[in-house]
Amino acid sequence: MILDAQNIEMSYGQLKVLHGVSLQVEEGQTFAIIGPNGAGKTTLFKVLTGERMASAGTVSFRGQDVSKLPAFKRARLGFGRTFQVARIFTELDLLTNVVIPIEARIRASGKSPGHWWSWEPSREVRAEAEDILERLGFPRQRWEDEAQYLSHGDRKRLEFCVALATRPGILMLDEPTAGMSPSDRREMTRFLARFKAETGITIVMTEHDMDLIFELADRLMVLNYGEVIAVGEPAAVRDDPMVREVYLGKGGQHA
Amino acid sequence: MKLAARLSLAVLLVAFLLAPFLVHPGLVFIAGFAMIQIVFALSWNLLFSYAGLVSFGHAAFFGIGAYVSAVALRYGWHINFLLIPPISAVLGAAAAFLVAIVVLRRANGIQFSVLTLALSQLVVVLIGYSEYLGHDEGISAIPRPVINLGIATLDLNNPLASYYFVIVIGLIAIALIWLVVHGPIGRTMQAVRIDPERAAFVGIDVWRLRVVAFTLSGGFAALAGSLLAPWAQIVHPDYVNWLASAQPLFATLLGGAGFFWGPVVGVLGLAWLNYAMRTFVGLSEIMIGASLLVVVLLAPQGILGALRDAVRRRRGKVAGEHR
Amino acid sequence: MMSLYLYAIYNGLVLGLAIFLVSSGLTLAFGIMKIFNFAHGAFFMVGAYTAYALTGQEASSLFVFLGAALVAALLIGFVGVIADFAVFRRLAGVPAEYTLMAAFGILLLSNGVSKIAFGQAVHTVYPPEALSAFLDVGIPVSVYGLFIIGAGIVVFLALEVGLNRLWFGKLVLAVARDPWMANVAGLRVQRLKLFSVVLAFALAGLAGGLLVANQALSLDLGHSYLLYAFCVVIVGGLGSIRGAFIASILFGLAESLNAVVLPSLPGIATYSLLIILVLIRPQGLYPELSQ
Amino acid sequence: AQSGGTIKIGLITSLQGGYAAFGQNHQRGAQFAVDEINAAGGIGGKKLELVVRDDGLKPDIGIAAARELAADGVRIFTGGLVSGVVLALNGIMGELDSIFVSAAAHGNNLTHEDFKPNYFRVTDYSAMRVGAGSHLVAQRYKDAKVWGSIAPDAEIGRSVMEVVNFHLPRAYKELHGAEVKMTETLWTKFGATDYRNEIARLMSQGIDGLIVGLGGADETTFLQQAGQLGLTKKIQGFFTSGSEFLGAIALKERTPENYWSGFHWYYGAYPDNPIAKRVVDTFREKGYGKHPDGFVGMTHAAISAISAALAKGAGETSKELIPALEGMSFDSVKGKITLRKEDHQAISDVNYALLGPAKNEDGWEVVDFARVDGEPFAGAPTPGQPLKFG
Amino acid sequence: MLEIRSLDAYYGQAHILHQIGFAMAEGERISVLGRNGAGKSTLLKSIMNAGPTVRGEVLLDGKALGRTSASDRVRLGMSLVPEDRRIFTHITVAENIRLAQQGTERKSGLPAIADVVAMFPMLKDLVDRMGGQLSGGQQQMLAVARSVAARPRLMLLDEPTEGLAPVIVEDMAAKIVEACDAYGTALLLAEQNVWFARQCTSRVMLLDSGSLVFSGSWADFDASGELVERYLAV
């Protein structure tokens, strides 16, 4: 078990948002969290990644209790994450965007990422960054472009590169295709599927795009009012009448 | 663009190096002073444009360097003066480190700025209590040192020698700041400035990085300060107060925030403005105030920002065109 | 001895409310326009000179005194109109630091102009007859001091209710938070912004008019209060009127008690209080408005 | 160096901030003197030319200005208002081969521990002024037994109190054989707006006299609040060391009746001095006001000293001017002033005036004045050493 | 009612929209589709005059709007729901709605806040909650409700379904159609969710790199194989 969360509770002031949520993710699994708006998905995400501390409950990663660790320490242990609205280092070029997490990783492991007097990243760092960019389909001539001029879809892709550069053990994706055009979305779905197959990485994600969920997820958890109302194989969960009522609806759009 | 920028830098460097042979001593003094201000402003900009922290009390660290070297010269410490700038830098960095670990734990954003302001004003008050530091009148008539270089001696009482001493140390400091900013630390600082939360999620210890940035910046500010005593021969609490702290901010904004060389352009611009207004006795406040307003309104990106936009416009190459 | 302490507390209250009168406009400007208006102190000083020009050394009546303060408020409010059209409006969308620099330019400009307009002599202004009495309750309580306390409280209540309770205040805040969306939602953004700039400036003028008789009048007057005002805005919570109010009183009391408790270290209390408060409450006393 | 038949004199003073009024008068006084000398044909056929620079209250701006002017051939400087700037200028005069004849800076240190051979001071200084003032009030208020004091917590305030604490008890003993009690000084900070707590404390101390070390707007605020709370009525007399007419002009009819103010030069004390008369007349003619202050007088005196030295045949270089000025006596608005050879300090009268309310257009008048001989209070010349008392 | 003539839009120097032209009848509902960055949001903002620099003409009822500000356009009956929602965080849900109604400066004919909330049941329990305390989807809902409450003649909706649960998306489609029919509101909808766009609108336009490359009925759209393929990339 790579990720194990037990009885997570969380409140914003008086308002209790998560009422004892538990989840277990196996190594190599793709675990999807769905639920109606306001159910607490983003909040759960924040608790798992360390952006906020839970008011009760524990989060353990590969058997280690990380509940009290701040975000950057969890990131060093192997939590990679993306955001619902892609967050990249806008004013820097693509290559630097990827170099930064690589250097941070090397430094966190106690080694020096390069000579302090050298303004260029070291050869190994650069090679790794180039490899990641190439693998995610950014052509060489765009590497020096400033990231802020990327389109929505490309931003998401770049953010993915940034997350990968930390060599995560687990990828936490908050609505990875939100706001993408159908074609980009399809591309992203395909990419994730291929990536998963190639690397066998563990993924935890939230998503409202059911096509993506049913294509990728190995396990599905449904949250409603901060409580787990269903968890299991995607196909089984889909047919749960309660889930249909509170979340999926008649399913006209997925016809 | 790149070429033009490099050419201008080269011209500027040559101008600094040849100043004593080109202009009258009043301007040479201003040039030396500008070099000190440039290092100070660059140290501040290291925080602002790279680490995303706004310090309103940076003059306190400048003051540490200034007072250390003033005291060393005035009270005739037996120490090779060549060691004073690095010693000042270390002391400034140490002070900055202490401030950072206390202040950054609790505050960031504007609160951070204000705390630095308050602490630096406290330094001013404390200097006022100290007999050794000359109370509110500062330390004046500071003798210029004779430096033993082993094979030769360098007598800073010679105007040329003292000028080149300031310029060379200043250039070394600028080179060091440039390297810090463009190396791995600089890159990480940028990431933290642009999006600290995002940076944390790739495993960057944001707090620690900010402490490092503040410490480095404080060190360079103190280094700049240590040049003041032998150059101006007076060190005064006015160099420590909030107005002094605002100088690098203005220089950076005037030159253009986000550019490494912005503060250089800004310091020179402000120095020129002050110099140009010197004969308007009694009216200089009005003239400088109006000039600042005009610059801000006409070039809200600073001078370098305006230049960049102008170049882009001429080339027809624009932001966001390529996707 | 006891009465010295009592008197220090009373003086602290007067000083605190005086600080609040000055900082209310600064708080507003910061909360709404997101600018640290360096020039605020200068406008406060110009307001005081304006009142002095109208009343002379002693206003003939309370009515004239208040009228002069009102005229000062109007005049500085008008300066606000000019500043908004000529400067702030043009700097919308530019990083806040540049507004800071513009404000510094305005400060230099108004200092220079005041020097020419008002001359460099120091003046004294005395409260009008109606306020000049002293009540002896063991300590000499001046009616004018009570008047300052009252004026501070009135301004506080007006702003607090107006901004946080009244619908209009919420609109002003909406414009402050997100001018783009306010515009798209149909609010008259320019007008509301202008209104808040004018209000902030007018408060500086009003404070000048009301406090002119509290101390000597010189070109440095703004300076004396500006540092307090900045401290108050920070400690209060950047734009929170309630926070500024409480912080003002704290600073007034600290400064005043400093004089009796630590007479050999004048001024130490202000900085210490600032540092302590920011360390224990970095977000300010009432951070909800600042985000 | 001479340039086309003119001798340039650089005036560096503060024309910004709270000192601008004084700086302006510095400029006026120097200009009067230059005009007078030029109207009389200059010095040895050469005209004087005054070049003015603002130091913006900042040492480095002052230094840059001095260096710029020096490069332009200026070898003689005057002015100097705030001591920070004067100290800085002082430090570089030797290097510039120039002299600085300062007209207002008051610090004891300038002619003591921070003495520089290229520096001369034509006015009195803190120790003289305050010492003479202490003597004066001891003479006038012989029944005063307890003296209080209030001063800014800064170099200026501390040096005032040092002198007072030495001279005042000594004066009482000498003049009246009486012991006098000095209460603990109340320290304040610059730019305060509220002295009421201090005033209350002073009133509770049962003092008969008061020394006020505050200056400028701070002093005025103090006087205003002290008047309102009745302190000034309660005590026999008090004195401030150096704000000239400033307080009275501000307070008008509310000027207290027992208020001695110190002057660099009080024109009314020299009714028979033709130079003083000329300056007063010119000042009034030009519409600058009725009451020229000591700042007008002292730059005038500085130019008088310089021209006297030049008239003796000295050239413009410091090598020639310094010996010419050392020990020289010259006529000035303040009568004869001697520049002490050892430390270049002017030995002259010290001026005080008793100001009080009046039913005239000013609202105040000079009730009485005193010209105290400054010599006994100047102390021994100890250039390079701090001033010692006793 | 609305007519766009040879409209170009720029961000600074960047030329985003090229020569856009189309017309909308009273009460008509049109979708704008396009890949990310095609310029959909820019088009809506240009029509509202809220951001981009615009050349060309926007006419409402035959009158050129010229440089009329966004807030004045609100009073002419236009309303924009931006893609990033922009809820006011310091006031409650009810006050957000009230604020939008105030912006129209209409004295009558506006629905009561209770009625608006009834139309979007997700908001029912939230009326007194501060805008800043809503989840992403809740904010999105409020943004639409806020616009409907102003009862505009022309509503510009920018990706209203982003981040909404599927069941809500279905519901929202019905609600929007209902509201538009009830008030005779015309709708210009920028969407990525083609299903939703189909439910809501009768016509469709396709933007590609800032140019209008298709305009017609859904049937025509489905028939124009190559274009659709490129957009949907099936």
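Going by the order they are written in, the chains are A, B, C, D and E; count residues from 1 in each one.
Here is the rule we go by: contacts are C-beta pairs under 8 Å (C-beta built on N, C-alpha and C of every residue); 3 or more make two chains touch, one makes a residue touch a chain.
Computed from a predicted model, the values in this text were never measured in an experiment.
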{"item": "Identity of the chain that, by mean CA position, is farthest from chain B", "value": "E"}
{"item": "Chain at maximum distance from chain A, centres defined as averaged CA atoms", "value": "D"}
{"item": "Averaged-CA centre spacing for the pair chain B and chain A, given as whole angstrom", "value": "42"}
{"item": "Whole-Å gap between the CA centroids of chain B and chain C", "value": "33"}
{"item": "Separation of chain A from chain C, taking each centre as the mean of its C-alpha atoms, in whole Å", "value": "49"}
{"item": "Numbers and ranges of chain D residues touching at least 2 other chains", "value": "20, 24, 153"}
{"item": "Contacts with 2+ other chains: residues of chain A", "value": "151, 154"}
{"item": "Where chain C touches two or more other chains, by residue", "value": "115, 265, 267"}
{"item": "Residues of chain C touching chain B in the complex", "value": "87, 90-91, 94-95, 97-98, 100-102, 104-113, 115, 230-231, 234, 238, 265, 267-268, 271-272, 274-275, 278-279, 282-284"}
{"item": "Chain E partner contacts - residues on chain C that touch it in the complex", "value": "167, 170-171, 173-174, 177-178, 180-189, 289, 291"}
{"item": "Complex interface listing, chain A residues touching chain E", "value": "12, 15, 34-39, 42, 84, 151-154, 175, 178-187, 208, 210, 245-255"}
{"item": "Chain E - residues contacting chain A, complex", "value": "34-38, 83, 122, 133-138, 140-141, 159, 162-171, 192-196, 230-234"}
{"item": "Of chain B, residues touching chain C in the complex", "value": "54, 102-103, 106-107, 110-111, 114-115, 118-119, 121-122, 125, 129, 246, 249-250, 253-254, 257, 282-293, 296-297, 300-301"}
